[in-house]
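One chain, subunit A, links the two complexes that follow: it is found with subunit B in the first and with subunit C in the second.
Showing the complex of A and B:
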């Protein structure tokens, strides 16, 4: 039996069970998604977008799925205490796929919602209806897979003209005694002229094989601003298949820093659609890989109207047998005149067993545009190393310094000072091989 | 602005000047493709049995393949049974009359290739291929003195079967892709060049391709072997008459470069691009590849692509020998409804191999122009170095320019750089020229030629002039 069929059977046989605890809004999308998933199945490695990531193989493990929503007894305090020091955040958790409240510093401004997706969909469906699954609907079969099985997740809703000053932090955790597959769903809505920054930390670290699909839909209204930081510190046994869909209206701003420090097999699909004039997107990424880590980042910035700016910077440091895949597409639609779009991708391969696949792409249908991309693969500069050694810095130390500086360019784009400092520290330790996880985390002890 | 548009339209719409049809008696076999047709072609060419076997194997493999769809092209379905796979413009005469049909000579005169006199002055040896068959090779005797073999493929099969057999299909296997399999099954003629050890070819070798007969496809095959320490510069040009239906051109070019040898391959491709409404035109689906087998070998591709309704090709270098070098210089221009998906592949296998890619795309009208290139550095290719630069220029707001580079790096000592930019001719530059009394259309020609100069400079002189002329015809002014 093919793997697709196995999951389709699970879906069909347990449909009542899946639907039972869920809001109508989630259930409605489910069956349509199933039709789309059936039509395509898991993508094969012959498909242009999946050439280097064999995702079907990742589904081969016999995972458990908590479709009956058995309560997992967890005290998240013992699981996770590594919040960023000096950073006051509104915290929330997604344990497996279930929303859990966290500690919060200040009270939210009026009207801001940070709550369980399923609960809000149940209580005020009209609020979420114009948004839920409207972007993910167009996604690939893995996004459809998520829609089929998603039962809960998180909503962050920020009403008009509201500024949330403290960072909202969402921590995703996995907790089970068996091989585990979970499907998370995040929905972020920023209405006109609102502002927020959101930090999503993925700590899905277990000894058992785990797989999580995550679909995040973000809607940024006219003049609104969102800074999104995604930090992955999972385990070698983890598979992360994430889809991020962003829709930006006029004069909105979206900043994204996507940092992968430790992981197993990661595929991040990031689609940013600029739909109003004057929208701006700033997309950054950093990957540090070793052992057999596999990190595939695929970004698409879709300039649907003119006068928008996008800027993209992705950097990879690949050690040992790790594999990096970067495919960044800039799509400039026929009427998107006056677009300024710039993409940079730089990669360091430290061993001859490390593999890098880079595909920066430009697809341009408008003429009054300034678009460029640059991509390099190489090693540390011998002259710089020699220069530093000449001045008494040992070779190893010099190499670390250079790598640290290489990664620094991405980290410098982070606007929250406390988080930036923390990341500097994490990256330095990561490069020295001193930590795979932060020291304070219970899992790492 | 309006006035400028009009000027531009006029120039952009300039007719295809090689669009005449020659009234030449042509021996065409019935359209359709099956094993009997292949046997017939092979029999007409009096081929040895191993070659027939090669063709049949390729054909049987082709039957198992489907036409690939991954390119950024919109290709209408092609009916392979509606094409005639063999057209011979030579007079049918049993005594092997070497006399060439005067009409045919006129055709080549019109194309600016007087086979005898003028070429003697310019010093280029030409092999002219019309429809399926090589009609004339010049300067053969002179080349022979140096031991250089330059003749049509059919002649090579008869006279140097051992060489052909040794090299044919070793660079582009018939299993390589859909069109390679098709070509291997039905190729009718082409050019063969062998440069022996230590010989520097005194003349530029040149092939001129022309499709004349209607409803035919052209499937030629070029094989160039440069033995140790040799050098050759090879030119290729192509034209076709204006016809309403699309014609298929699926050629293969194979190049073998041995130790310390150097091959320079230049193409000016000007197949009929179709009319302004996108009707007709040639489908140019070509597999070109060179194998730098020897140490310190060097292969340089230069192409100026202005013709064809659809261009789909990736002249590639396999850098197998240590210290071998690959170069790719390309100007691809699309106008009206033309489509191009072209670029190169640089496969680094040997140590200290180097490659350079300079690609300049120009799109005008409603055309789509894509660069697609692969740089692969294998695990043992220590010290590989690549530099790629792909620029696109957009003339008009209805066209598209796309860049799809692929970099697969499996060695940590590789240094790979890729950069691409896309923009239109800046208003500032135009204004500057206008201010100094240079008309808009002339200014555009000036700027575009400057833009493409880096590539045009790599062409041999006679070709550079032709290419510049071509660019100015097809290009000037498509700016709106």
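Showing the complex of A and C:
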């Protein structure tokens, strides 16, 4: 228990300091979460959900935590040029765990909120109370850890019948000159018949070891639509532990593209709960790994009621000694008749040292459903490579074209044209080994 | 006439099994050679070895192409030097459009020849012209290479690519297989339109019907890894009438 005891001690010794700047809503949840965390500690690798990701080890580094909320001096101009600029977005930043407004100057429709989670929890607790931590409460001990320490983050609130045309972009950064552990919290609420698209770019890239936990809770009301794009471009020294909880009501639609371009150790837990008839979820993921990168995506689509559709596509390209884990669960509960659910997982291992652990899981308790799943692990098609060489395309270029085509299927599901083009370009650069994650990051210069 | 291709005592194996057992063949510029023979005689192995398929190992012999040692060249350089294979089984490449595929191929060749990449307008114009040659639907050009194509579309796509790359020596490996009469005519007419005085072809086929359209100058019979008979076009008719059994019988001893 030594690793977790250290953090429990930090929590208990600094509780007053942690609570002091925070809203009651956050503090109330944190004490309950602490009880849960104490009971279980960090998950061990014997637990099925963590079989291939030794997470306790990631906490062994002596990280600094900015619990006293010392102001981090962030000059706007040195804040970072994201790899996905010019999207005509509403932009905001989360530096460590703190909300910073962007300079987009765009005006939201009336009633839309994009602001500091802690501030809104302070000012309008009744707005957030029905939502905050209601999904993450059921999460594993890392989610509890986040709730224990979470002091700020972002809230995006879209009122009833409101359509936000421009993409909302949130860039998350870590900024410190020591090893750093940070806990971010995101809360996204779409009321009935509202629509939005949200792009979250994770650029937690420093030379020092960093670890960030991120808990995102998303509520999509009746008839509402959300497209969520998550792009990770972090460093080999980074650990990302993300939990995404989504609750969908009737006739709502949720699209998710989860793209890991560069990273260190990543675990993304994605839980989508379809709770109203006619809800639809499209869940896509792309991982490009090399060196010792480790990427573990665990998804669960919970069909709680009937007439819902879910579609899942996850693809991995693993080079060198990288590791990928995909565990995708489709849970079709007894009441979920007329479910249509499909899951596809395709993986390329480019070397014999690259490892892919693929674990598709179907649990079906209803009898009138249409469900399918498929998972493959393989290499590039030698016949296709030779065919291309015969036409004069050099072997390296041919390999590149095949990988790019393989990844392209996921990118094609992105609805925003500018983002899609941008990602095509980024993936191409990444596959050519031209993408240095610190290239455009002012923090690393 | 200059020798475009010179094959001398070529032996080749796959998975340790010897398939070619000493091939001698010379193709001069402007000639059309037909290579016929029963199944399993080594016809496809010969075409694969010529284009440098990595599954085959040359154990003996030499091949000169335009006076250069062909066997020392990479498959892509053989292509750049004007060697083209129309595959018996064209490969599907999901996610790579014909347009992107051809652009990569053309520009790789131009780079090899130290030319600037072709500009987009010029390239698209060329695509249009060559497509028309084999009646390849413009919609197909935006689809992934060969993915979901019918047998006839795949073969037409091969000849379209041949038209784009303007090879000096084209090898047509069983290009007639899986084609109905109409598709066969379109494909053969495409090949004939591409014929120039300085280009040569090796037409590998099992049957006579393709040779009704593409007239060979010289006909070879390949049997058991060796060329056992070489004659003029009249040999095609003889084979059609008598089958391959007499060849097999002649070569028993």
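The definition used in the following text is that the second predicted complex is superposed on the first by the 431 of 445 C-alpha atoms of A that agree within 3 Å, B and C clash if a C-alpha of one lies under 4 Å from a C-alpha of the other, contacts with A are read in each partner's own complex, and residues count from 1 in each chain.
Following the convention adopted for this analysis, contacts are C-beta pairs under 8 Å (C-beta built on N, C-alpha and C of every residue); 3 or more make two chains touch, one makes a residue touch a chain.
None of the values given here were measured: they were computed from a predicted structure.
*Asks:* Between subunit B (first) and subunit C (second), which does A:358 come into contact with in this model arrangement: first, second, both, or neither?
*Replies:* Only subunit B is touched by A:358; subunit C is not.
*Asks:* Pick one for A:373: touches subunit B only (first), subunit C only (second), both, or neither.
*Replies:* first
*Asks:* Taking the superposition as given, does A:107 touch the first partner, subunit B, the second, subunit C, both, or neither?
*Replies:* neither
*Asks:* From the superposed pair, tell me which subunit A residues show up as contacts to subunit B and also as contacts to subunit C.
*Replies:* Touching subunit B in the first complex and subunit C in the second, no residue of subunit A appears in both lists.
*Asks:* Applying the document's contact rule, which stretches of subunit C touch subunit A when the two form their complex?
*Replies:* My answer: residues 51-54, 74-76, 78-80, 84-85, 87, 90-96, 100-101, 104-106, 108-109, 112, 144, 161, 165.
*Asks:* For the complex, give me every residue of subunit A touching subunit B.
*Replies:* Residue positions touching the partner: 48, 334, 337, 347, 349-379.
*Asks:* Which residues of subunit B touch subunit A once you look at their complex with the stated criterion?
*Replies:* So the residues of subunit B touching subunit A come out as 70, 72, 379, 392, 394-424, 480.
*Asks:* So in the complex, the part of subunit A that touches subunit C is made up of which residues?
*Replies:* Answer in residue numbers: 381-384, 386-395, 397, 401-402, 404-406, 408-409.
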